[in-house]
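In the two complexes below, subunit A is the common chain; its partner is subunit B in one and subunit C in the other.
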Partner chain A sequence: MKRLLREVAAPVQLALLALGLASLLLLLFGESPYHVGKALLRGAFASRDDLARTLAGAVPLIFTGLAVAIPFRAGLFNIGAEGQLILAGFAAGVTATVFADLSPIALMPLVMLIAMLVAMIPAGIAGWMRSRIGIHEVIATILLNFIIYSLVMWLLRVESFGLMAGMEPKTAEIPLGIRLGEAIPGTGIGVALVFAVLIAVVAEVVLFRTKPGLMLRARGGNPRAAESVGVRSGRVILGSMLVGGALASFAGTQQVLEVHHSYIEGFSPGYGFTGIAVALLGANRPLGVVLAGLFFAVLRSGAFAMDALAGIPREAVGLLEVLIILLVASELIRGSFRKARAGTAGGVA
Partner chain B sequence: MSGPAIELEGITKRYPGVIANDHVDLAARVGEIHALVGENGAGKTTLMRVLGGLTPPDEGTIRVRGREVSFASAADAAAAGIGMVHQHFTLVPVFTVLENVVLGDEPGFIGGLDGVRDRVVELAGTLGFSIDPDRIVETLTVGERQKVEILRTLLRGARILVLDEPTAVLTPQESRDLFKLLRRLVKEGRTVLFISHRLAEVLAASDRITVMRGGRSVTTIAAAGATEGDLARLMVGREVLLPSAVRGGSEPGEPVLDVSGARALSDRGVPALSGVDLTVRAGEVLGIGGVMGNGQTELMESIAGLRPLTAGAIVLEGADLLGWDAAARIRAGISFVPEDRLDRGLVATMSVEENLALGLMDDERLFRGPFMRMCALRQRADATLKRMDTRPSDPGLLVSTFSGGNQQKVLLGRAFDSGARLILLMEPSRGLDVGAMEIVFEQVRSATARGVGVLLVSSDLTELMSLSDRILVIRRGRIAGEVHPGETTEEELGLMMAGGGA
Partner chain C sequence: MILQDVLTATIFAATPLLLAALGGLLSERGGVVNIALEGIMLFGAFAAAAVTLWTGSPLLGIIAGVLTGALVGALHGTACIYLRADHVISGIAVNMFAASGTILLLKVVYGTKGSSPQLGSLKLLGVPLTVHLAVVALAAVPLVWFLLYRTRFGLRLRACGEYPEAADAVGINVHGYRLAGVVLSGVLAGLAGVFLVMTAGSFAKHMSAGRGYIALAALVFGRWRPVAVAIGCLVFALGRGVQDVLELEIGIPPQLSEMMPYLLTLLVLAVWPLIRRGRSAEPPAALGRPFVRG
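Entry: the complex of A and B
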């Protein structure tokens, strides 16, 4: 717990610093940071609908953040979360319409499972290519993203499959019984959010309290040392990428089951890539990722109100996100330099 | 002639939670070789970093030839005539000697290189060795690379040369060469300051010795007339058993490890082992002596399951290990202590207890199914750190916050804790002080008393001679001979390693 606080402390400080810088910027343009901030928070929290939208918006960010953070702990960079979640969303939409006659109790897990397995395929391919042929996972996942975009676009349009509902590029509406609602009625807290937090807690425990997590982090920290204590590098690579794919799948499934109620082409505004920023700000700790996901969701959800009430274009929020990422990244680089230097200084001290 | 070249007075450097240097005084005269000795964590490296301008001190003054200076950066120190030669060389392997010498201080024109070339050859000549400025650094021996480092420092005008454990990577012959070179330098009015853990060479090579203990400078004594025992006592603050006095005879039992006809390739794909046969018996320490890079690393890695054999067999207590990976071999009872603790040994970004857990993943007491038993692990880690006398002793700290010597203790503690039947020990006392070496020797002794077989690779001949029951000399991937420590000298062993004698 102490370590969690220590690891998350720096990103939190930097996020605050970024907010401070943004306030200065606003002052420079003659705007009141207080009013802008108030408008933003009002947009995110004012009504129960606003709150529900904000919290639901955090869910895909938490999942994609985890989908990046877990492989990152193993020393891998999963740029493929975007493709993985799109594939999962498509699989979820199709499964839900094809098996629409099943009872919701059976259909829900089936949808989640199939979406998950399908999303694990490209992640697994990238992991396999890295561990067996040595193709870097960044290259593999980026290219797989393009393959997935095109594949899904094509599958949706193959007439004999009949997946497209009407003229719009989307699947038919999913049965009412499997649409996700609030976990506790009246609070705005969705079932999906509760599930996301649970998954993050499980990830936290697995990473820091179990043997597989120990091996995964060891391979991420020092692959050669991990090898010499018997960690099978190939298994960690494949395993962590598969887990990454599964986590990304939940983001796609949630979008279908909770938000859009069908697979709609282009439903993801780049959640998979924002996940990289979320993982970074969350210090690659699952619980840190939950906080970072919520933070980004508040910014995005409040952006409309900020635009309408305070007259600040909502793109300004994107600016703030970038500012935070730059600060966190530069701190990470500085930190690793410091560590490298401390490492050589420790020679005989 | 023998005025003060460099004086440090009341140097104090605090880090959160520790005082690395506590009012340290040190004065080296012009024309002397001055050694700095002390236990791991005594503050030697911090002091050297202060001197080199890498770490600004919190308090204290530095005077170079009587003039007070303050260094904001390494460049300031270099401008004042202080040249650092680090433990890890800073040469670019694929560049030539000449390119490395001018790197970072390039002459303005392409033609300027020829002038530097002449100066390199000339300076090497006056220092009593020759070097081809157009050789690629990769192709040089470790000793030659070190000379290039020294040349570079001198060409930039260094009057005071600071060396951090210069002999740690050298053979005895190379070390002797180095000290000859250093002696010439001081004869010309330069000053040499060096850190070493090898007390015998400190006594032989230096004029005066400053001893540090617990962040303070204890005293400065003349090397002439002092003994290793005196130094060890000053460093530790109590009487210590010197390693050479420790090991008695032991009666080896059944073979634990049998290696026959082992052949393997190096990382670069050239044959590194060309048919090695050896047997380690229970309760025996079998030493492997040799100049670094003669197949020792490849031998140890193939036994540990980290490198495939191209021919031959490795048999552990009757079981052929062909096709067993590292995890299976650990389970079968092999524990591996690699030569470079941060390369193949520890994960610096994880805590000490996590690193211990990594080496003990088959220990039922530390894991319940896949789950770590946090309390049991903490207790185990506390015990290990206490036994190895590490400082600090908190197993929750990251390995990167420990000094090199203390990291080494963690690595060794893990191996001796593992219940292994065979311990592959490489350079166990690299970076360790006498007090810590005492602990390591004690651990080896108690392991062999339990019937554990130890295969030891060390470039420190004193260590090899005092720990081993038998010593095999390895040369170009073959066993070139066997000696018994009681019946040979370091000189003979060194000659065998280099390829002379039988």
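Entry: the complex of A and C
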């Protein structure tokens, strides 16, 4: 119990520190942190619709947070979650419309599976390049992101995949039967959120209670020591990146099945990159990622109201994410966070 | 004709890569991983556009871009060296800071979402500034080589990147030299950002478009040696040179040809080590390792 408290204390302190620094900045610009905060919270929680939007907004952040956190535990940076989730979202949209005649019970798993497999391709390429050639995964995943952006933009303009209705090109609407709704009616808690929490629990158990999880953490903690006791580094690298790709795919699939009901170009406001902040604030623990995902979802969801009611540009929320990343990254500020840091020093580009 | 077009496009595409990669070289030979090149470019580009618009003088704009680059470099350096932040995380934070920060600045300063107003004439002595900067980038290759291998500063910087304890033992200020390396990389990457603005004629969000990462790929390809890194930049720039030809002459859809620079870089990175087997990349020995005076 005491240990748990201590583990929770550090991220909470960091989040408070970041919010404190942000308030100071607001004061510096002559704005009242109280009013800005109130507008933000009102935007996130005022009505049942707002609450539902906030909770649904946490889902992609939890998944991208996990997609960054799991490889991070193995000492790897999956900066490719953004590309992976875009590819998955597109694959989900196309699969759902191509096989629209299937019964929803068969179609739903098929959509999720195909989206997952497709997202695992770029993640796997980056993992392979890291383990076989030693190309740092940050470079490979970023290059793959740009390749995916162009590829999906092009595919969406190929007639059989996309429609050019309105401003943004998109795929056709998915069948009604596989659209996700609320898990408990009237609460705003969606099926996808329940699924996300379940996945996080599974990830927590696998990471801390199973042999593959131990091997993954061993390689992240000290690659050489892990190899000397028989952990095969190459397999862990490839495996953890593939898992990262699969986790990122759920973010893209959720956006299609729950939020937009088709793949729309530009649907992700950088979920994959916010995932980095989510993972770091969540101390790279799956259950911590759930809480951090909810925290960032409140900020993002309230940002529109903050913009409208208090006149603070909503892009300012992005700066708070950066602030948190920097605070977590700085060893001297972090102190008790040291445990969570994986061995990333070796062979960096 | 096509060949000439490709060549011109390649040289101009190589200019920002050369500047950023040579900057990254100075940072990483000193031991500090510089993923932040992308964000430094973006901040340098914005500063150059803003000051040019404000003063009407592109020269002042260039100076502002370079100084901003140095400042952001110093920020990344301070986080890595003095706060002992993880170099990769700090670099990514700088890049995210630059991406959202410049969009925020566009909104606050110009009230626009995508790009700044046009900058007007960008010529010096009747020649476009981009040409001057391309010449500077090419000249920087031998200059950086000379700095690294023929000066006392270069020798000491490399010592800090290979074996900081030994450097410290002979009285070298490891933290100071490392910071100098990162600040110099900020100067060069800032200049790369200036070049992008001078080419486009205005600042646009996300205009660095992954060039900082391609410059890092050139560092790996050239195994942290100036001339080989420069060759890497030219090879990767060929992707952009070919891009225009594919689009305009052959009629490949723009969405597909935009992929070329990234695809080419990735393929070269994947295939090159297979061709020259046995000689894998050798980063500076102490790259990414914080130095704590013991």
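Following the convention adopted for this analysis, the second predicted complex is superposed on the first by the 309 of 349 C-alpha atoms of A that agree within 3 Å, B and C clash if a C-alpha of one lies under 4 Å from a C-alpha of the other, contacts with A are read in each partner's own complex, and residues count from 1 in each chain.
The rule is simple: a contact is a pair of C-beta atoms (placed from the backbone, for glycine too) under 8 Å apart; a residue touches a chain by one contact, two chains touch by 3 or more.
Computed from a predicted structure; not experimentally measured.
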Applying the touch criterion given at the start, work out whether A:21 contacts subunit B, subunit C, both or neither, answering first, second, both or neither.
neither
Using the touch definition from the top, say if A:321 reaches subunit B (first), subunit C (second), both or neither.
second
Per the overlay, which chain contacts more subunit A residues, subunit B or subunit C?
C
Would you check which partner chain A:121 touches, where first means subunit B only, second means subunit C only, and both and neither mean what they say?
neither
Touch test for A:280: subunit B only (first), subunit C only (second), both, or neither?
second
So, does A:153 touch the first partner subunit B, the second partner subunit C, both, or neither?
second
Looking at A:212, would you say it contacts subunit B, subunit C, both, or neither? Reply first, second, both or neither.
first
Have a look at where A:142 lands relative to subunit B and subunit C in the superposition and call it first, second, both or neither.
second
For A:222 in the superposed arrangement: first (subunit B), second (subunit C), both or neither?
first
Report for A:77: first if it touches subunit B alone, second if subunit C alone, otherwise both or neither.
second
Note: overlapping subunit A surface for subunit B and subunit C spans 344-349
Would you pull the subunit A residues touching subunit C in the complex into a rising list?
77, 79, 129, 133-136, 138-140, 142-147, 150-151, 153-154, 157, 270, 273, 276, 280, 313, 315-316, 318-319, 321-322, 325-326, 328-333, 341, 344-349
For subunit B, which residues count as touching subunit A in their complex?
20, 40-41, 43-46, 49, 54-55, 86-88, 164-165, 195, 197, 304, 306, 325-331, 336, 338, 342-350, 354, 357-359, 361, 367, 370-372, 374, 396, 400-405, 407, 431
Which residues of subunit A touch subunit B in their complex?
3, 209-212, 214-215, 217-218, 221-222, 224-232, 339, 342-349
Seen from subunit C, its contact residues with subunit A in the complex are 33, 35, 79, 82-90, 92-93, 96-97, 99-101, 103-104, 107-108, 209-210, 213-214, 216-217, 219-220, 253, 255-256, 258-259, 262-263, 265-266, 269-270, 273-274, 280-281, 283, 287-290
